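Notes follow once the structure below has been shown.
Which chain is which? They are A, B, C and D, in the order written, and residues in each are numbered from 1.
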Amino acid sequence: MKLTGIIAYPITPFSACGERIDFAVLASCLEQLIDAGSDAIAPLGSTGESAYLNQEEWEKVAAFTVDAVSKRVPVIVGISEITTSQAVKKAKYAESIGADAVMVIPVSYWKLTDQEIFDYYQEISNNISIPIMVYNNPATGGVDISPELLVKMFNEIDNVTMVKESTGDIQRMHKLFELSNGELPFFNGSNPLALEALCAGASGWCTAAPNLLDRQPKNLYENVAKGNLAAAQTIFYQQLPMLRFIVSGNIPRAIKAGLKLRGIDAGVPRKPLRGSQPEEIALLQSLMTKVS
Amino acid sequence: MKLTGIIAYPITPFSACGERIDFAVLASCLEQLIDAGSDAIAPLGSTGESAYLNQEEWEKVAAFTVDAVSKRVPVIVGISEITTSQAVKKAKYAESIGADAVMVIPVSYWKLTDQEIFDYYQEISNNISIPIMVYNNPATGGVDISPELLVKMFNEIDNVTMVKESTGDIQRMHKLFELSNGELPFFNGSNPLALEALCAGASGWCTAAPNLLDRQPKNLYENVAKGNLAAAQTIFYQQLPMLRFIVSGNIPRAIKAGLKLRGIDAGVPRKPLRGSQPEEIALLQSLMTKVS
Amino acid sequence: MKLTGIIAYPITPFSACGERIDFAVLASCLEQLIDAGSDAIAPLGSTGESAYLNQEEWEKVAAFTVDAVSKRVPVIVGISEITTSQAVKKAKYAESIGADAVMVIPVSYWKLTDQEIFDYYQEISNNISIPIMVYNNPATGGVDISPELLVKMFNEIDNVTMVKESTGDIQRMHKLFELSNGELPFFNGSNPLALEALCAGASGWCTAAPNLLDRQPKNLYENVAKGNLAAAQTIFYQQLPMLRFIVSGNIPRAIKAGLKLRGIDAGVPRKPLRGSQPEEIALLQSLMTKVS
Amino acid sequence: MKLTGIIAYPITPFSACGERIDFAVLASCLEQLIDAGSDAIAPLGSTGESAYLNQEEWEKVAAFTVDAVSKRVPVIVGISEITTSQAVKKAKYAESIGADAVMVIPVSYWKLTDQEIFDYYQEISNNISIPIMVYNNPATGGVDISPELLVKMFNEIDNVTMVKESTGDIQRMHKLFELSNGELPFFNGSNPLALEALCAGASGWCTAAPNLLDRQPKNLYENVAKGNLAAAQTIFYQQLPMLRFIVSGNIPRAIKAGLKLRGIDAGVPRKPLRGSQPEEIALLQSLMTKVS
């Protein structure tokens, strides 16, 4: 599995009352992401409110997505669990339903030591035989995984084969590149860093932006890949206001509001999260008009 | 319910394999905390690994503790849930089994706005009729509740009647005091701040330290309460190295290691958390010798 | 020289145009600080705009103050210089005119290593024979001196005999107390921390507040010293809004505005610093009415 | 004056005792920087220990450099002063000796408000008629100038025509680009960000690296300018370890140590700064072997 390009993140749509998952809407979101040229689909990420679903819901979304994507592109299932045993349980389930990989973020209550993080991934790896993308995002998970530890896990844990770096710190990517002699494939998970991360050697971009920007993220990726720097710069600055909006609050709120403006009712994020407020929606509307 | 003094936090003991809760050990821990002069018992807090238990385990620990304490002192049950609905479910359960209050920390994946935090507590309050202690600890829960919002919730949400402040920032306590004209009872949750928090007007101290220090925390509280500042200072500096050790890693790790040194096998924290390592245990041993 | 209590900081008054120092006003400010019960006077501190004066001005203010105070209380002259040679030059001058001590903050452009900080103080000490108060205030000087280094300099450098800690972090004071077994006299330089610092064992409080609050800071000090904790608490909360105002912008701005409201025209701070704006003055007026 | 490319920073060489400036060595450093393809020379910057020189020394270095460069490339003279009047004095001097521009960083003791920063630059501009490069580097100067304020000063203050951004935060550059519609020429001052800053649209790179890396920084600039992204990436990662070393302590220390290894004795930085220690020199030696 040699992944590059755009890894797209679907939201998890809820019915009006916020209780039921709306699989019909999920299906059409998945189609739209594939139409946008996504190179992989990653359900149950931060965007997919993975941490807000119960076990049964999580399993249903995972299975439905693998089914719906149906091998057209790889499916990378997101796992964000506080205990090792729960993370293992979900990883095994993901493999059992045919997911191509899992993307795992260690969620913390008590901060984890490097050894605790290492053991967490090691135990997951011991229980599956599909690739693991290590997802570093201290702003959500509360755990910060250093470049040194990321490279160590890539070198020493069998199924750890790629990294998603979401700190937004370009120096981390430099470190990943140097410490692994360019061997470790790292993906950018910070939307407003997309241009520079790709210029610095990222294998791709993990993003929910295609939900609202369709092919534009892919377009940026392709122009950098071809070395069209001037074009890439223009394309990037065009979508930057929207990328910044998407990450200004929580991502599912922004994406769900945007989908609604595009005629798709995916509900609002689950409580305590609230949906976008009127002034945010007005701003989003004006941004969407500009970039389309 | 007019609480002051020491609110003591029991650990949740696990059997060797880490899977089963050891209720016999829990029982003896609870007795020891009551013997140490605790003014209330707070199971299922950060110390109690609340966030690492499944629903069934959490319920059993809550019910067992209420039973064991048997109204000798109030029991304040800890809740740390990411979704509002789960937090409500646990709060209702706590009330149903006779808990005297709940202590609730909003755990985040996506950061919460002030309105989202407010609504979270409002909805919990709407569903119970026992007091809520709002627990602010951004280092674990990932959400930081400002003094302004804490006072607003105290003023506007029925069952919110007290606050546990664990940022370790004494200026927050000044703000709580000033903004509420001294009306809002706030408790210190940062062990190395105990002396100053009490001097600044805290109603009490929420702490796991009595597990290892027996009556010493209560002794500090009483000396400040009586205005014996010189004695309080001496007592504080005596226990400070131990307080600092307790919070240097995660609290359950330190307490469980200390209990073991005292002859009580409460296991180690649940994975991915690890137990104390040999050099930590050696340090703890020397600290325990000094303070006892 | 065994100092305790209130070390008071005069401003450096400027004439209308901001160019000339107004020594007549300085004289009356010094009298007022002595009348307020100050245990020492510290000209040319942060409050005295030390860093904004040229060498000649600095010397004149130092000499004038030593003269005016005339041994009624000790005079501690402030030095904030970027190069070692300039700091030495000023320290020698201070000694030559009869200053009782110098208070030295290492101002940085490039950050300093521990060894560089140590050598800086060592070289100053080698050139004088009066006591040095090490002044740690990273927010202004840009250098942060750890408690460990402060205690090491106290132990190893002859004239280093006391510390002014202005980070506002009470844990630093705990460290100073512990690492020196209570031997190192440390003073609190963070106004809103005054109550707790004194409760934690600070020898005194370095403050510009007596310029506006007269005997109130001394009153707080005395009540803590006598162990009247309840009274100290009341006194502290009474002056806290004013203390907070004083440090909300830069201190000379606030003090000069306050002096003006009291009928003393000390000008405004030197450019690029500006004087207080109307809304700040209005707030200050209302605070001064409340505390007096 | 339309500047792009590499703005090179000479050190200020001192004689053995650290007291005298060694102009012969300065002359040869300047020649080497011009030979390295520098598009402008900026004496008396952070690298040039501007803040550590007295007025007379500063003037001599400025005049000597303008003379020596002799219009082959523009000379941009660095000013880092705490008071407005001193900054104005130096700016006027720079103009009087034929400097092409001044680069001004507001050094703070008390933090500055936006209005204070604005007035500081306005007053300098009012007194000269050569361009001002606003230099933002909170890590040294202690003042952080927001992108919004930078663009406002570019729009409203006559001689403010360019910006040097040294926070290392690529998002600041995005903001400068967006807020000025790409009109404000900004230069990167953070060495390890060179590749990405240029990819994001920086006009050039302000750096001391040519002192040790000769044409390599220019080579990076040219490859990005031509859109040779793959080559630029290779070149960047080649010099990155050295760039990181240069900024790991203070820049003059690293450059002076490197010059010594190249056979040029420029002394060590002025006290309290120390020269490189043996282990740093050994590391530097090995890095220089690799990149040359």
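Just so we're on the same page, a contact is a pair of C-beta atoms (placed from the backbone, for glycine too) under 8 Å apart; a residue touches a chain by one contact, two chains touch by 3 or more.
Predicted model only: the values in this text are computed from it and were never measured.
*Asks:* From the centre of chain B, which chain's CA centre is farthest?
*Replies:* Greatest centre separation from chain B goes to chain D.
*Asks:* Once you find the CA centre of chain C and the CA centre of chain D, what distance in Å lies between them?
*Replies:* Averaging C-alpha atoms per chain gives centres 35 Å apart.
*Asks:* Quick check: how many Å separate the C-alpha centres of chain A and chain D?
*Replies:* 39
*Asks:* Provide the C-alpha centroid distance between chain B and chain D, rounded to the nearest whole angstrom.
*Replies:* 52
*Asks:* Residues of chain A that touch two or more other chains: which are they?
*Replies:* Touching at least two other chains: none.
*Asks:* Write out all the pairs of touching chains, ordered by chain label.
*Replies:* Per the contact definition above, the touching pairs are A-B, A-D, B-C, C-D.
*Asks:* Spell out the residues on chain B that touch chain A in their complex, using ranges where they run on.
*Replies:* Touching chain A from chain B are residues 46, 51-52, 80, 82-85, 106-113, 115-117, 119-120, 123, 139-142, 249-253, 269-274.
*Asks:* Going by the contact rule at the top, pick out the chain C residues touching chain B in the complex.
*Replies:* Result: residues 168, 170-171, 174, 177-178, 192-193, 195-196, 199-201, 224, 227-230, 233, 237, 240-241 of chain C touch chain B.
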